[in-house]
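The same subunit A turns up in both complexes below, where it pairs with subunit B and then with subunit C.
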Partner chain A sequence: MAEPILTAEGLGVAFETPDGTVRAVTDLSFTLNKGECLGIVGESGSGKSQTFLAALGLLADNGTASGTVTFQGQNLLDLTQQKLNTIRGDRITMIFQDALTGLTPHMRMGDQLGEVLIAHQGLTKTAAPQRVLDLITRLRIPDPEKRLRMYPHELSGGMRQRMMIAMALLCEPDILIADEPTTALDVTIQAQVLHLLGGLKKHTKTSIILVTHDLGVVAGLCDRVMVMYAGRMVEQALVNELFYDPKHPYTRGLLASMPRLTDDVGDKTGRLSAIPGQPPNLQDMPGGCAFAPRCAAVQARCHTERPPLTQRDGMRRLACHLEGAS
Partner chain B sequence: MTAFIVRRLLFAIPTLLAVITLSFVLMHTAPGGPFDIDAGLEPEILENLKSAYNLDKPVPVQLLMYIGNVLQGDLGPSIIRKDYTVSELLSLGLPVSLSLGLKALSLALLLGGILGTYAALHQNSVADYAVMTLSMSGIAIPSFVVAPVLTLFFGVYLNLLPVAGWGDLRHQILPVIALALPQVAIIARLMRSSMIEVLRSNYIRTAHAKGLSPQRIVIRHALPAAILPVISYLGPAIAGVITGSVVIEQIFELPGVGRYFIQGAIDRDYPLVMGIVIFFAGAVIVMNLLVDILYGFLDPKIKVE
Partner chain C sequence: MTGDLILDVSDLKVHFPVRMGSGLRPNTVPLKAVDGISFVLHAGETLGIVGESGCGKSTLGRAILSLVRPTSGHIAWLGEELTHMEKRALRDKRKDLQLVFQDPLASLNPRMTIGEIIAEPLRSFSPERTSADRGRMVRDMMSRVGLSPQMTNRYPHEFSGGQCQRISIARAMILAPRLVVLDEPVSALDVSIQAQIINLLKDLQADYGLSYIFISHDLSVVRHMCDRVLIMYLGQVVEQAPVHTLFERPAHPYTINLIQAVPIPDPVKERAKQGPVLMGDPPSPLDPPSGCRFHPRCLRAEATCKTRAPVLETVGTGHEAACFRWRESL
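Moving on, here comes the complex of A and B:
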């Protein structure tokens, strides 16, 4: 039986801007189970990243989070920064998209990794480097001693991302949140990083949350997928269910826009298919379903009545008026 | 590294020559001369005096002769203070000016850095606005206003500190504060804006995500990057302190180089003024070089070659 490790209930994230309040995430509820890999997909601006920045208290100054995110019986959103510091970097770690700007440019890699152990495991300055070296060697990073003496700008993009992942694994966390870990990398390096995450999933108890807009990455790695659109969850299902039988028109649109080598690309014109239109302005949300203006199967009530997220067959949850429609 | 320093020092030579030429011509263009105060001198004696200091020759010839002497390390005699050479006067004033300037600069860096960082960490708070208002005033109010006010308050009303003169450390407190204040103000503003920018960067978010303490994040992750604009300002800051010291030494009656500079300019003591100009220019050039070297240490992406 799946045992939840992280539970979000009614999570909302809002930003105060000079132009008004922007609701980046609205009424989001989900659970992450022990040892599971949960994929979060959606376009840019769908609230994927903000969800987890909020959970770790890393929102920008003008952002506020509401609702609850429960980990080990405590609501992370209620904790002080000081309390959060005992959890983040230790029990829950996060890696970011851009490892070049995400690493401190003027610190050697060894110091940046070592300080995690010093902060969370009380290691001394002299003991930390050896532990760091052990882990880096275990991750099969070539020439580890030399790499740890380097500064971030001296490493390749893939190496930086692997260092970032190593940094997140030092304390053997319960949850690793990977926010678009492969987006900034070229394809061969992507494969290396995914291999690393895949190995992590196989060999440790760490649960993984993979935030991405790359459906291929999700298919290869995740157990369950959650699709977000305009700050809300629109569909959630086991990875196979979602890929073979997508229910929400948005999910279908996403899957259809994946380029495939096997079939005639898209339609006969040789163009890649795309979802027409733009995601809605988060300050000025349509009254009904947020996807209605772009939806191919739109009905009259979609424009006035927002479809509730309901439990469907199996593990699926869906927010769409087209009942099990095909 | 050595090649870099040598090259920079070689580049300093044309700079110094330009500085010498410009100030020399400007000074000789200004009306008056060193012997105007000795009114009623016999014309023959005046002529003799002028020829003794080569003042009877055309300015370009004087300039070439002067540069020739400087290249041999001879800054010449002071025309007015007849018992001293310019080098002697410089070495008399230097300890005073140097101790004043270094203290003011350290104070400016320390106080400006702390205030700017504090303001950045508490952005848009009352403390932030207070620091920024004070700093704006510090930039706007010139030191020749601040210095007498300080003297009046701490020296005369409170009778805590000496109003002028040179002696123990207590004599230095007010001049150092007056000299440092404009620099504190500028450095605080620089520090604040660059710190705010750095605190918004991705690697600071990573550091927070690692669960590091706020102190460690500020000191180890943010400060070395945020201080770079302040370091590049050090060159102009040193020039500012030198300029300030000329005024401050005059106000507090301090026997420093700056006071000789003012006196020299008023007396048209050409060699004395030229000697000090060369010294100040050299100091700024050397400090700029030190700043560039320091930069290489703070930012690993910059290799000094």
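Moving on, here comes the complex of A and C:
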């Protein structure tokens, strides 16, 4: 029943810097299934964004990608920019944290949304506006006609993000990659955007990749979750398995360090169980497991031997020396 | 549990003139960033100030520290009125009142070593100290906030976001202040680092008997940090309550919506959440809605709410809300 639509194998992303090579992503393999919402969780610098920028050929000039990312039988990493342009914005679309930089400042919203249809679906200049209006109305964006006449700077942050999502959905893509789509938004506006993404998941066949550091957002939307640390996947599981039975000490640490509104974890007098230390410098990675210096359950061999990512029970994959890691 | 009254703010207003329109006679419209706010703070207490972007929470924080001049109202610090105080007298008070910003790297001078950064308040306020004395105090403070004292000669860019926030905290704490305004101190940090900083702030509070004003949009963090919470909407307080009351028995519809909107890191609970999502954006503070400022987004709004502005009324012990229909919440 699970039909893969995007498969990454041995994906690596490296940047050449004056201080040497920085490996942002190392040997990453994963699949995205049709209609699925896959969450990618990790801290700043864990490689979660670079993974998808690499897949879409959007790396900075000093970055190189290795391995394969297969979509519809072709390796995206081998395609020319011209070929990629027929996929990007059409079959695979991406939305970013900062919607203002993703929009053209001097074009009215209606025109820039219409341009997507003209470029990818060959619609005429007269036919495009109606299709745009239909979609905006379907996404329940209030005052659609008025909003489409506006320039990006005239819209609020939440409205811009909704317009970005609308733009990403115009061609009914196979995959929508949402990179921290609600991080810059206020909590009430975040709830509106998450509601929109939730509706999208229910009513369309689009697969969603949700890159975020917010485990609350993941809990509401994702079917499966992948946890990244220092450029590698450390754990992957179905959403319930991950939240109720986390195996990797990093995943556990993350879940435990979150202050919560519910239950008594967040008692005013109590302390949060923080993960000590900081993520490693990607230029100076520790030998063995990258998480070992911060790990509560560290053993001697963790410092010398990097644990391989192995398949565990069910859908779980885990990179930890502790058997079952409990 | 909390001590004496140290800060008493009453009917504080901060209005900024904003030029609207163009031509030879543009008219000036007041942007009412803080519009009639009153509250008190006790020694050792943490007061949370919560609201969406543009609700005036940071302006309120700055006004308390006399970094922006209030348009009207009173700020009594240890019984002394700050709003009309002369500059020199005010400078003297600044020792007791410190501020920590959201963006840790941007609030540190890139050309100063962190030793100099942390020592600077000492140089300004206790010039009589010898440099050896200052150096010792800086090193003690660094180890207190979890920084290795060997790092005094490094520059801010060599540190991660979490460490930069520790430096900012050390700088704020070195004069042994009585009140620290924390303006979104953990919002820019990763989850695992955020927890470290929250723990550090709590430890420092316990050790020094500090009071905090904790400005944040993150309700989960507020619940963990604060004793009492003010909820702001468009420059006004819509609800204020002890932290447990606020989360267990919120009275104002805006508070209820805010709490509802926080994603819960638990798939079953998060997906079982009922209730409508708060629609619309906060209106512009340049042109706030008539009557209750929340009425255009409020599901309970009735005719009165459009014409009359509700005032804060007592709805429980230490619990106030500005809503005509608060009884329906409790």
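We take it that the second predicted complex is superposed on the first by the 317 of 326 C-alpha atoms of A that agree within 3 Å, B and C clash if a C-alpha of one lies under 4 Å from a C-alpha of the other, contacts with A are read in each partner's own complex, and residues count from 1 in each chain.
The rule is simple: a residue touches a chain if its C-beta (ideal position, glycine included) is under 8 Å from a C-beta of that chain, and two chains touch if they have at least 3 such contacts.
Everything numeric here is computed off the predicted structure, so don't read it as measured data.
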Partner touching more residues of subunit A, whether subunit B or subunit C: C
Touched partner set for A:E43, first subunit B, second subunit C, both or neither: second
Which superposed partner A:T86 touches (first subunit B, second subunit C, both, neither): first
A:H153 touches, of subunit B and subunit C: first, second, both or neither? first
Contacts of A:H195 with subunit B and subunit C, given as first, second, both or neither: second
Subunit B versus subunit C as contact partner of A:H120, first or second or both or neither: first
First (subunit B), second (subunit C), both or neither touched by A:V239: second
Contacts of A:G102 with subunit B and subunit C, given as first, second, both or neither: first
Interfacial residue positions of subunit B with respect to subunit A in the complex: 123, 201-203, 205-214, 216, 220-221, 224-225, 298-301
Interface residues, subunit A side, partner subunit B - complex: 56-58, 61, 81, 84-90, 93-94, 96, 98, 101-107, 115-116, 119-120, 151, 153, 164, 167
Contact set on subunit C toward subunit A in their complex: 52-53, 160-163, 190-196, 198-199, 202, 217-221, 223-227, 243, 247, 257-271, 277-282
In the complex with subunit C, residue positions of subunit A that touch it: 43-44, 142, 156-159, 186-192, 194-195, 213-220, 239-240, 243, 253-255, 257-262, 266-268, 271-276, 278-279
